[in-house]
Amino acid sequence: QAADTQYFPLFTYRTGPYAPNGIPSANGIADYFNYVNLKHGGVGGVKLVWEECETGYNTKKGVECYERLKGKGTTVVFPYSTGITYKLIPNADKDKVSILTVGYGRTDASDGRVFPWTFTTPTTYWSQASAFIKYIGAQEGGMGKLKGKKIALIYHNSAYGKEPIRTLELLARKLGYKLTLLAVNHPGQEQKATWLQIRRERPDWVLLWGWGVMNQVAIKEATNIGFKMDRMIGVWWSGAEQDVVPTGDAAKGYKAGTFHAAGSDFPLIKDIKKVVYDAGKGIPGGDKYVGQVLWNRGMVNAIFATEAMRAAQKKFGVKVVNGEQMRWGLENLNITAERWAELGLKGFMQPVKNTCADHEGNGPVLIQQWDGKKWNIVSDFISPMREVVRPLIEKSAAAYAKKNNITPRKC
Amino acid sequence: MSEAAATNGANGAAEALLSVNNIEVIYDHVILVLKGVSLEVPRGGIVALLGANGAGKTTTLKSISNLLGAERGDVTKGSILYDGIPVQSLDPNDLVRRGVIQVMEGRHCFPHLTVDENLLTGAYTRRDGGGAIRESMDMVYEYFPRLKERRSALAGYISGGEQQMCAIGRALMSNPSTMLLDEPSMGLAPQLVEEIFEIVKRLNEQEGVSILLAEQNTNMALRYADYGYILESGRVVMDGEAKDLAENEDVKEFYLGVAGENRKSFRDVKHYKRRKRWLA
Amino acid sequence: MKHSERTFGDTLLRVDNITLRFGGVKAITDVSFDIHERQIFAIIGPNGAGKTSMLNVINGFYHPQEGTITYKGNQRHQMKPHEAAETGIARTFQNVALFRGMSTLDNVMTGRLLKMSGPAMRYYHRQFADMPVINYLTYPAMWFGDFLLDSLYWGPYQREELAHRKAAEEVIDFLEIQSIRRTPVGRLPYGLQKRVELGRALAMEPDLLLLDEPMAGMNLEEKEDMCRFVIDVNDEFGTTIALIEHDMGVVMDISDHVVVLNYGRKIAEGTPAEVQADQDVIDAYLGVAHEEDLIEK
Amino acid sequence: MGEIWEFILAPVLIFESWQFGMEVVISGLLAGVMYSLVALGFVLIYKASGMFNFAQGVLVLFAALNLAGFIGLGIPIPLAILLTIGIMILFAVVVEYLILRHLVNQEQIILFMATIGLAFFLSAFGETIWGSDVKKLDVGIPQGRFEPFGIQIQYLELTAGAVAAALVTGLAIFFNKTKIGRALRAVADDHQAALSVGINLRTIWIIVWAVSGIVALVAGTMWGAKSGVQFSLSEIALKALPVLILGGFESIPGAIIGGLIIGLGEKLAEVGWGPYVGGAIEDWFAYILAMVFLVFRPQGLFGEKIIERV
Amino acid sequence: MFYREAGQFYTSYAKDQGIFQLKQDKFGLWGILFIAFVVVPVGLYLMVQGGLMAASTKDYLYNSIFLLLLVNSMAALGLNILTGYCGQISLGTAAFMGVGAFTAYKFSTGLNYRIQKEDEAGELISQLVPMLPPIDNPILLVLIAGLVTAVVGVIFGLPSLRIKGFYLAVATLAAQFFLVWCFSRVEWLYDYVSSSTIQIPPLKLFGLVVTGSETVMRDGQEVTIYPAAETKYLICLSLVVFFAFVAKNMVRGRIGRAWMAIRDMDIAAQLIGIRPLATKLLAFAVSSFFCGMAGAMSLIFYLGALEGAEAFNINESFAVLFMVIIGGLGSITGSFLGAAFITLIPIFLVVSLPWLGGQFGIPVDAAMVEHIQFMIFGALIIIFLIMEPLGLARLWQIGKERLRQWPFPY
């Protein structure tokens, strides 16, 4: 480990059932790191080095990767899998490695008092679920109109897929809509029964919490039974090009959540294309992913890491930051609108600000829609219902603390 | 039994259809079973291969029909020539096409096929049309009327002796020119044992089929064969004209017993410990 | 002949009007006979006559449609194969049915399994077996106790194992198969496999031993040995033996009583001498050629 | 009490609306046919060698990957199909040459394990060549639906049903009426005895693997049209297994009948009982259903009798 | 020359019944145990102290390799008992491991159940009530997990009376899918957390922290004590070694012979008096006991937190089956060899391939490594099977036989 490089392990899944989504995600991170090195010579003069480790979206492999790479100067990991995240959380404080899960992972870990080392910036599944309800309410003409409406949640039968259920159930009690839960087993190639139930229930809205091939099949089946696509909203992991392109025209009008803008129409992204790919220094065959939804999200992930690093460098006056410093940087992450603009991403995302107690950064959610060619943002930034979500998070985190003899920090 | 064949068998290589030269066989990379076996089958001859349990008769036959590979056995030394061609370079099915067929020890029928179907698979390599095959089948059923009664039964369910008939019948279906028979008489009723040997003899005389016969029923084997080899723990310990062997004292003692008047009752055989040659 | 002077005990097994069908095929039709204690009983007949099926009926593997079997005075119904073994019936098979993955010693030892009830279990039988109230508790406890001892290979269990090992070794000595003790039986030549199979059956210390063509595929010398074993078992342990064999010499010499089946029916019964003179038997089974041999004798 | 009955009868109660009920039945049957297509490949190979081909799922993926890949290169569809068939045949030859011939007369579980090795190799090999992206596979199978009497039916599934029927008829005739069919069963019974009567195991295996590869191509095309071509395609093998044991390992018609029963059963169960117990029960329900059948017929509905005789 | 039985005679059956017939083998075993129990932990400790190895490398060896290896060995032992010795192929191993893991979890948290009430405001109030005092002894948890799994295994073993061979194998997938479904559907199992993920609470053994962490006051300062990798390793190792001996004893005694008899020829086995159902069920029970322990070990020592449906999915079942077949069916040693092969080869390839690529100047990226690794792995399986269908254990044995004969072949 040379003195002036900062090391990042990247857990990727470029193979296996979820590879189509894993490739652009991993590329987004790597391309941004590469860009920072090429363009700015690293962060604060410290070159970034990263090493990929293939997990195949498998927890055991992820653990192996983590253990193997953690000693190489790792300060923060991006597990890119709910299973791996859960496994790493209990180790984090011992190893002094932060866990940054951008838009996935363990929602209640955004309570920084119980989980000082885990960051769910910029937003969580629970927030997202509440934002979806808000959006649906707005579409129906006011939250009051939700009463008596039927909403179906089709979800991947896994920890990931189940995340929103509590929130949606709670809101159903509050707002009076009827929630139908439909689980789909991995990999989700066969969803006939699920969609037959949709036909029977005739819900007004369908929320899709899918992953991998499940998304495409769901979209196809929805068109097959003639469900209106613009009343189907996917989670942000169900709203990438990979999920809609293979379905052909079926996906036209389909909506999905996101927390950042779509497309490559931003100075930074154009610059990455130029500096990295046009100069022939990119990942072979990787240029086609630049600007895709998952690529953009990978880039956001990388930006959070580098911004945290920058903050830590400034605060501690060091060049290469260590685990604790990185953690500080993440906890005090503060990307303002100006900073986004400076980065070349004006209007790409809302400001993000973490605090000691709140590691979620409270990022609002956007709705995007597929027009058959590309994703377009069709909503304003929707703030989640914090008054509902935050107490849930705190309660859950408190229960975790109790079970594991953790004394929550005072913030 | 033809005089000519007998002499051929005795004196040499010239007319040997099948010659096994000093082969060594190892199972599983470590178990040495044949330690240099040589033998010859003249064209149109009947040769008997005798020996105690475990002497290596089956192994010898399997190395000739090239079925050892399937048992993780290997011919590591020596050569086997059939009609001048090294057997090792031929596939088992090539051999069958050339007319070498083996009746395997232990009644290897296809249990899920009916007797009829079993016989038909025997004719798998034949190209001479359905009519001829029917004919052979009728012939087999003529030999084994019992089999005919059970023709539509699954071979897995028929009795042991019936399975043996089925296996022999199946081999006959292929119109062989050389037969390797591994204990054909095993488990057959006395009448049928006789019948089997008659069939063998008839095939040999009328169709000129050459026969290599591994048999425990030494009496019978030597009565019908021209020439015999005696195998013991993987080596040929004695060979000669069948007639001579039948007269040999040792052979009498160990394999034939004394026939006729002086035949000892099985009940009276003394329980003395013999040299256990098969355990050598 | 010596054996004509032999005396036998009571009826050990009575077969009464047994009929066995498989679909349309009648394997056995209305066959009856008695086997007496200490007898060597032979069943002969042409191929497919129903001999093996008869043995299968006797040890509960086939269930006849009609007729009854009375064993040791108990008439039995729909018995499971393992129950037959528990009442002391052992057998060997026409197509060798050894446990191919195991060594000779282990195969013989499996024959002892029924005798190895475990020390705790034996204690149970001594102490509690007739106290139904506590049965429900003690039986599983004893069973589990034995199981634990087994898995630790410790104490009384080890002693028991060794005692049975000794018994197995005796059988091995008796059959003179010491040198293949540790060889996996799958590798043995056919004849030795038959012998190991006999060993396995003997290890069960049966009252009734069923042998299905024990001498097939053996040469004279080996047949003589085998006969010796059969006779010794019969003499020394008083085991009743029912055997199927196609070698007439053997049958005539060693059996006390012969039943002849043909097409599933009993066509003759009696001493060997009576049977071999029976014209039906000669026609159906022995054939002309053999007749000469026998007459010669 | 009423609730219990309501629960027990749930799969029947869906017929309260007969149209919906029929829709469940029809889509169940058609989904079952889709499974049958995959199960067929298993049957062929099992029939010919007693080999439980774990790689069948991967074979489906591999075939579809090749087809999609060729189409992606701009090769016209008929040519691409021919090319893929060629590759499947080549594949059969290679598998025979490198693997099968060395495993003659081995126990079934060993053969099974070897196919697992093959599955590992093949899936990685396919992805190395064609990449891990999702590929669209469109060979002109009609999309969309029609609605007689208000019952929705998808064209794709109807096509699959027709193709499966044709395949089964063809294969059944080919394998039951020819000498090869008998030889196959002989080989599956006893490799060594089959060799000894002169059956050429190698040719037989090449034929069977090639046919099975082509069946995999058909299955891959159907499933690929439905869900795109990607790694997950190999996992549909798991949906075919209950079909396989229910129909019987050796029976070509069994694969279809099994598929129909499983498809219908699991859909009725999922739609009927699913909502009561939290859903996603089809997977295990299919297996339990198959197992219940097996308890009564241990060889499956049309499998070969298990011979027990001593 | 050095590996000969010559001169080693036994004068009693007791000695002849011993696990190892040769002195050399016995020494070999003691040697291996000595290395595993003493040399490895002490050696690694010294190497870290002496600066020869990074502490994280040591952790890596323990946490990712040794522990995984031990867990897998335990599972492979279990499956080998069922498949290798009793001949019943099972594809439900992972699910049984899962039962073990969830049992351990439930007992470690006192078998909670939930009471839900609605308060005046209409909000749902839920509360977890333990049925038993939580157990915090990891070994006890592992044993309980084994016992409970044994019961579950017996239930799913019932169809084996009728169903055989691959039909049974596929039918056991019913257990796999059903149990895994339960892991994500029966809320009681995962204490009603929304994500159905379980995490083992802090456990201690003899005062040593095994999982979680403990904060103590030392010299007036708060110090957090984390579990040492060595502790976990030694506990797991002891469990595995002890139960390997138990397994060996079972399979060489009357129970094992009954199993093998059923495996080799079930009809003949019945005819010599073996009760097929009882024997098979016993195999299912014992096998599940081992698998359950493996699952519990996997949760407690190896993963710490897991999602049932993911950690015990069908691929894990297959993986254990591979271990058993590659290692050698019906061989205790084989279970270990197979577990090592299946566990270590991929890791070895992942680590060595990029390095190898570097040697030849070919950049090998992570996806490529994965692909090549799969291909090599698949090819190795096939090559091994062709070389020796009876598995690594047999290869090992042949090697020894050769050595015995060396230097005089045959």
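Here the chain labels run A, B, C, D and E in written order, and each chain numbers its own residues starting at 1.
FYI, a contact is a pair of C-beta atoms (placed from the backbone, for glycine too) under 8 Å apart; a residue touches a chain by one contact, two chains touch by 3 or more.
Because the structure is a prediction, the values reported are computed rather than measured.
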Along touching chains only, what is the step distance from chain A to chain C?
2
Greatest centre-to-centre gap (Cα means) from chain E is with chain B
With chain centres set to the mean of the C-alpha atoms, which chain is at the far end from chain C?
A
Where the centres are mean C-alpha positions, what is the separation of chain A from chain E, in Å?
35
Between chain B and chain D, what is the separation of their C-alpha centroids in Å?
44
Chain centre separation (chain A, chain B; CA means) in Å
75
Between chain D and chain C, distance of the C-alpha-averaged centres to the nearest whole Å
47
Can you list the chain A residues in contact with two or more other chains?
14-15, 19, 23, 157
Multi-partner residues of chain B (each touching 2 or more other chains)
157
Chain D residues touching 2+ other chains are 124, 127, 132, 278, 280, 283, 310
Give every touching pair of chains, nothing left out.
A-D, A-E, B-C, B-D, B-E, C-D, C-E, D-E
Applying the document's contact rule, which stretches of chain C touch chain E when the two form their complex?
59, 61, 80-82, 84-86, 90-91, 93, 97-102, 106, 109-114, 116, 118, 147, 150-153, 157-158, 161-162, 165-166, 169, 200-201, 204
Tell me, which parts of chain E touch chain A in their complex?
54-57, 59-60, 63-64, 68, 109, 122, 124, 184, 193-197, 199, 201-202, 212-215, 224, 226, 303-307, 309-311, 313, 347, 350-351, 365-367, 369-371, 374
Taking the touch rule as given, give the residues of chain D at its contact with chain E in the complex, in rising order.
52, 98-99, 102-103, 106-110, 112-114, 116-125, 127-128, 132, 238, 241-242, 244-245, 249, 277-278, 280-281, 283-284, 287-288, 290-291, 294-295, 298-300, 303, 306, 308, 310
Chain A touches which residues of chain D in the complex?
14, 17, 20, 23-24, 27-28, 31, 34, 124, 127, 131-136, 138, 143-145, 152, 154, 223, 226-228, 230-233, 235-236, 239, 266-267, 270-271, 274-275, 278-280, 282-283
Tell me, which parts of chain E touch chain C in their complex?
13-14, 16-17, 246-247, 249-250, 252-255, 257-258, 260-261, 263-265, 267-276, 330
